[in-house]
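Structures are listed in the sections that come next.
There are two complexes below, and they share chain A, which is joined by chain B in the first and by chain C in the second.
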Partner chain A sequence: MTTAQPTGFKSWLFTTDHKKIGIMYLVTSLVFFVVGLLLAFVMRTEQLDITKKVIIDADLYSTAFTIHGAAMVLFWMIPVLTGFFANYMIPLMIGAHDVAFPRLNALSYWLYVMAGLIAVMALILPGRLDTGWTGYPPYSIVGPSNTAFYVFAVHLLGASSIAGAVNFITTIITLRAPGMKWGRLNLTVWGLFGGFIIQLVGVPVLAAAVTLLLFDKYLGTSFYDGTKGGSPILYEHLFWFYAHPAVYVVALPVFGIVSDIISTFARKKVYGYTSMAIAIMIITVVGFETWVHHLYVAGTLNWTRVVFMWGTIAIGVPTGIKTFNWLATLHKGSIELTTPMLHALGFISLFTIGGVTGIANGLLGLDIQIHDTQWVVAHFHYVLAISMSMLCMGGIYYWFPKFTGKMYNEKLGKIAFWITLIGAMIAFLPQHTLGLDGIPRRYWKLPAKYAPEMRIAVIFSYITIAGFLMTLYNFVHSAIKGEKAPANPWNSKSLEWQIPSPPPFYNFEKIPTITEGPYEYGKPAEEPAKSH
Partner chain B sequence: MLKQVVRLLMAALVVSIPYAAAAAERVVDPVKSWDNHLKTWAVVGTVVYLTVTIPLIYFVFKYRRKHKDEDGAYIEGNTGLEILWTIIPMIIIIMLGVQSWAVFNDLREVPKDHIEVKVVAFMYGFEMYTPEGIKTLNELRVPVGNVKVNLTSKDVIHNFALPAFRTREDMVAGENTYLWFYAKEPGEYPVYCAEFCGSGHSSMLAKVIVMKKEDYEAWVKSKQSEAATATLTPEAKGKNLVESLACLGCHGIAGETKAGPALNGLFGKTEELEDGTKVVVDDAFIKEKIADPKAKPIKGFGHIMPPNMLTNEEYEAIAAYLKTIK
Partner chain C sequence: MEDVMHGGNHEVHHHVVELSVWPLITAIGAFMIPISFMTAFSWGLSSIGIVLAGVAIVVLIVGLFGWLNEVHAKKEDAGLSKIAIIVFIVSEVALFGGLFGGYLYAMLFTDIWPPVNTPAGVPPIGLAVLMTIFLLSSSFTMHNAEEKLTHGDMGGFKSWLTFTTILGTLFIAFMAYEWHHLISGNFTVRTNEYGTFFYTITGFHGSHVIVGLVMQVFLMILASGNKIGKGRQTMAKVTGLYWHFVDIIWLLVMSLIYIVPSIKAGQ
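Coming up: the complex of A and B.
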């Protein structure tokens, strides 16, 4: 086994090294993040005047939110977490040389790239996608859009996700170093584990759903045609059976990363580690009992709606447990407000706003008024889109010294953070008012009386976007020009920080034997941990 | 421990009985129950938000690291506390859920004394049918009272959203859905389509007009006699066409700009097209516009107007009608 690091272009193209694949995932997903931001900029600019056309017509507005949503959810958030963080961190955190199936891992990445290319083509070629990222029939079948692009992108991405899920679940189960008990895993690993289980169960259902779309559109079948014995609502069920849990594919790893960052910078053991891990697994399971909240007003049987209301709001409990445990971790900690720590705390404050508005969406009685309104747009940008993107930035900062071997610019990091946070706190606030008034989402133009609200939304969206771009600039600049980082700049106890930065080719010269968990800060000395 | 948990759950149930009782003797004004529910949520939400943010900010200031190698206190957790912040959210959620369930029943259970109307959605508009069988476009007239609305669609999925009455429901081709509302006071209330249905989605607007019973009956009478004496002039035919083809979803007829330009005072007007050329509006232009809207798009709007294949007589009727509105 050689420990020399291969270099050069080819070494990236043909690599099966989890660290290189991880970094390729990071770079690619960040490109999609920028595409998403650009489209957000375009949509918001269109809203400078909400009564008549500013820069794009209704058709292009539809394409803009479709590709924005798809790029952000399917090509940025899910890949950066299950691609970058999982690839780079899981082997380092569990003490392994690589993942279980390195070549399958490379395949996952390249399938993802191809799916991405198809998605970008869908933006440019005639018959542009305009169905929303949800692709509901009959519109996606009878409408003008080239649904095949959507379906093939989802297929390739789905194959990539399933391969990734199999790979990482196997890795976590079989490749843990001696002594790395389940109770000693980083919560990041727990979160990713939950996320991968969801991918494995859910993605095949999504793939089936969109395949039938393809049949209906090009082969003339009528699975989703209500006038010929099919039902478009069937698609909605199949789609959300995966796509709702998909938000937990994003959220669970994010919860894990928050815990890791807070523990490191509060120099304190994560409070209630066991309940944190249990909460993750509960969400993994209960996350599959909520999807019908997307069909609260879709003619669903009344009692079915009630059943799924209970599933939906039940998720609030484990989520609450996690939030309170984070607070308790800060209590009596020794807190240092570095850039990653700020991002974790900023995440909690945005996420809580979105959590509270999400309860309103989950409550069946309330949701009937605000379903599919601007309220929902505001809700998911707080709870997931912006807060979790922000947290991913925090995670990238946190491990930046590890995977680049360089330090990022702390001062620029903090300035960019505050700009993003101030923007994000306000950018979607006004849309709650519109939502309570029942104004629908995916609206190219809006009733004129909301001009003041939308002006605020536009300005603060610009600020948010500027903040994110500054963060990205910081990454690029520091990766090239940053100072050399020490192996463990945060003095963390977690395993990935105990090896050089960046890690050598096979990570560990000798697989370590683990004697304690990753968060044992300030453990009283009189009881030295025994090696088993 | 288990005993305590059971006891707490029982307590939660007891607390929620009043809500269940309220559900039994149904309040018939869903708007009121919804507004109350929103208030409860707002109070609970504010408390939750403050319970998280105040300690967060306080801890960050209080426990700031003093010197470089300082560790935090070594605390693994506390089972009692952790159970506390599992149980309390559970109770809150059960109470909110029970209330929501009651509100939902108000919103979905149609009272016995109601009239039934039918609405059919299409790209982009709503056809409304009163119980007397009168068809109107994008304008539903009802008398004061409880109204059940049966919903369906001709093409893609739409949604009949009635924010003033706190209710909405999807409209699906081949399926029948419903909603009901309590038309309490005469007035005009907006209707939106709350399911994305294509480029005309944001201009798919309509209204519900609630009328006093006498007024409504008078309106029905006048409509019925109108239909009886129907040998129409081209202008009147044109008016009917413009109304029934949903042109008014995108066009105003009193100078107002919607998704498209207003249709009044068009004849003889010089319009600038997207490629910068100018055209004068005449019969031929109107005909081409309706048959193939994308051929000469007016500057400053989207390409969203759908084409309509009509007979020559019908094109002329529309043009004749447009000449009459100044």
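Coming up: the complex of A and C.
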């Protein structure tokens, strides 16, 4: 390599290097994660006393849950996976110098930052957004909040996501190294590939849905206005057509990362690799046959409710395949309980609890009772919010030596993990009972008889938040003061570990020729995996 | 780089770009558009909003133009954009799928379609037939242009491309006339659900035609500067694929927005 690596702040501001863009995605998304945590802290503190105001009034509470949801889903989880992990790992895992369109990649990142600025404005400027992250009409059209914040944040983020999806799908199709067959891709790459397909098909529909919201508000159109012949239900259809599959945009890459971590630390080939990849693609498709379960009580045709109930339950099958395959991979493995491995196992436990309550949600009859209640809040915090945030932390730990060139603090990592897990296991447990009693979500204050349950929820949510903050401290501290990491501290067979830590500017001196898959354990360790 | 980029058929000659100012500038332009909109509409400062919008558009154009210039300053043509445009068209299909889905939803859940207060003569089917002819024939001329390029006939390529651009421009001109005609005939977005969807879907489609025309103009500039040719035709292929896609979407617009309501109104 003749070219020197650019340095200085310009080398970040104008960079088109996938590794630097990845790091910028990581830092930015972690900032939004902290914003989301702070809002969660404020909201839970408000429920310490469920009879009178503690910190914020009811209006500000509505803004708090709106921005909490948007920050956590749209600005933390989706970007950390499709931004950081995709950027940093895909070129290394498929054996490429960079992504297909490096400039477009930089544009994706900057559009995400710009969308984030609008989200922050929505939190502090007049006309604060308080519609919930769903932005349902008619309230979003006739209510006092400035829906334009919401619409434009979605537009910029949507442009970022579509550009990212086009870029990475093209990268995975065209830039795989010689010998890198589809059957030799890391499951992380498979998961991200599925996630990007969902982004590609879903995001434009969301963009259309919110554009029509803007037209209704400012141009006097009547898409969602029932008084003029429109229908607010139409918005719910268009919104959830994307927003339900959006959870699979998070889940599929997470499933991939779990598989990579478990295989490495059980020193075993992923059990049923092909069925894992197929399950990812099935979820990608069937994910679009579930959205009507968000409208069971909103008013849709009866037969659609039944069809989508079966779609919703059917998605449990490929998900179950994955869970059992992880267990089978662990079976008789040589398990090493490192921090990333603990996070992967913690994820499986939390995810299974949330997955089971998800089947309950999907049942039409039962959902009529628990729809829009605290039960649903409990469900998605187990299945998505906390479990998958935890796994993202596990993924960051796993590749920390690779992308920083430093080792993280193992002891602190394990302590932080156990604190987070203990908090997460109980923080949303009481919400199940509240939900079965019919207590709605998004309420500022609750009936006094639920004070004991809420106290448990508040205390354990504090514990969860403390655990996550310790993890973040570990990242920052280790990135600065950690010991120097070897190229392959885990003795992984996967391609990204066969190059130095951190990787050189061009990733690979020579594009490698791939001769086997990423999980070929059980062969002599000294045999070089895939250089030639 | 060339010496290390050896290998089999899978190898793509891929050069790592190090620094580029254009993505950030483009993103700033994109950020200023919503800010200008909100300044004008949400915060009631119309004049500042209009100035901001002007600045935003200039920044956006500078960003995109600088970007494309940088891309085409290079000699080689990796050809990855052909895959990328197909992937991108999938997302465009989803966008129109969402809009048409909404339209069908409104149509199926409304007793009389178009609703009773739709003025007579709406939709104007005669005009739409003329516009269909323009757009369909422009797809053929675009195809001819690509054929000429494949055979290295730059003169033929430029002529057929010019025909395409003229036909596309005629389409937009007739669309503008149609909108003007309908609005003065008291058929607006506020008339009813049909008006709301009519202008939104034809407007979305029209804006895509305009993007296609801008791509053609850019292609013409590249052709005049000898920056495309027999070995470097990715940009032409990309423009062609996008143009055919816009054409196919028009057939759906024509069927669902013009023909179906005409038949239903005639019942």
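Everything below uses one rule, namely that the second predicted complex is superposed on the first by the 518 of 532 C-alpha atoms of A that agree within 3 Å, B and C clash if a C-alpha of one lies under 4 Å from a C-alpha of the other, contacts with A are read in each partner's own complex, and residues count from 1 in each chain.
Going forward, contacts are C-beta pairs under 8 Å (C-beta built on N, C-alpha and C of every residue); 3 or more make two chains touch, one makes a residue touch a chain.
Quick caveat, the model's predicted, so the values are computed rather than measured.
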Would you mind checking whether chain B and chain C clash or fit side by side on chain A after the superposition? fit
For A:366, is the partner it touches chain B (first), chain C (second), both, or none of the two (neither)? first
In the superposed arrangement, does A:45 touch chain B (first), chain C (second), both or neither? neither
Superposed model, angle subtended at chain A by chain C and chain B (C-alpha, nearest 10 degrees): 100
Could you tell me if A:231 is touching chain B, chain C, both of them or neither one (first, second, both, neither)? both
Between chain B (first) and chain C (second), which does A:148 come into contact with in this model arrangement: first, second, both, or neither? second
First (chain B), second (chain C), both or neither touched by A:439: first
Classify the contacts of A:498 with the two partner chains as first (chain B alone), second (chain C alone), both, or neither. neither
With the two structures laid over each other on chain A, which partner does A:515 touch: chain B (first), chain C (second), both, or neither? neither
Give one of first, second, both or neither to describe whether A:488 is in contact with chain B, with chain C, with both, or with none. neither
Shortest CA-CA distance in Å separating chain B from chain C in the superposed model: 11
Residue by residue on chain A, keep only those touching chain B in one complex and chain C in the other, then list them. 228, 230-231
Residues of chain A touching chain C in their complex? 3, 6, 10-11, 13-17, 96-98, 100-104, 106-107, 109-111, 113-114, 117-118, 127, 146, 148-149, 152, 155-156, 159, 162, 165-167, 169-170, 173-178, 180, 200-205, 207-209, 212, 215, 218-223, 228-231, 234, 237-238, 241, 505-506, 509-511, 513
So in the complex, which bits of chain C are touching chain A? 4-12, 14, 16-24, 26-28, 30-31, 34, 37-38, 41-42, 67, 70-71, 80, 83-84, 87-88, 90-92, 94-95, 97-99, 101-102, 105-106, 109-110, 115, 189-190, 192-193, 196-197, 200
Within their complex, state which residues of chain B touch chain A. 33-34, 37-38, 41, 44-45, 48-49, 52-53, 55-56, 59-60, 63-66, 69-78, 81-82, 85-86, 89-90, 93, 96-97, 99-104, 106-108, 155-157, 159, 161-164, 166-170, 172-177, 190, 192-203, 257, 259, 300-304
In the complex, the residues of chain A that touch chain B are 51-53, 57-60, 62, 130-132, 136, 138-139, 142-143, 225-228, 230-233, 266-269, 271-275, 297-299, 302, 305-306, 309-310, 313-314, 316-317, 320-321, 323-325, 327-328, 330-337, 345, 348-349, 352-353, 355-357, 359-360, 363-366, 368-369, 371-373, 436-447, 491, 520-524
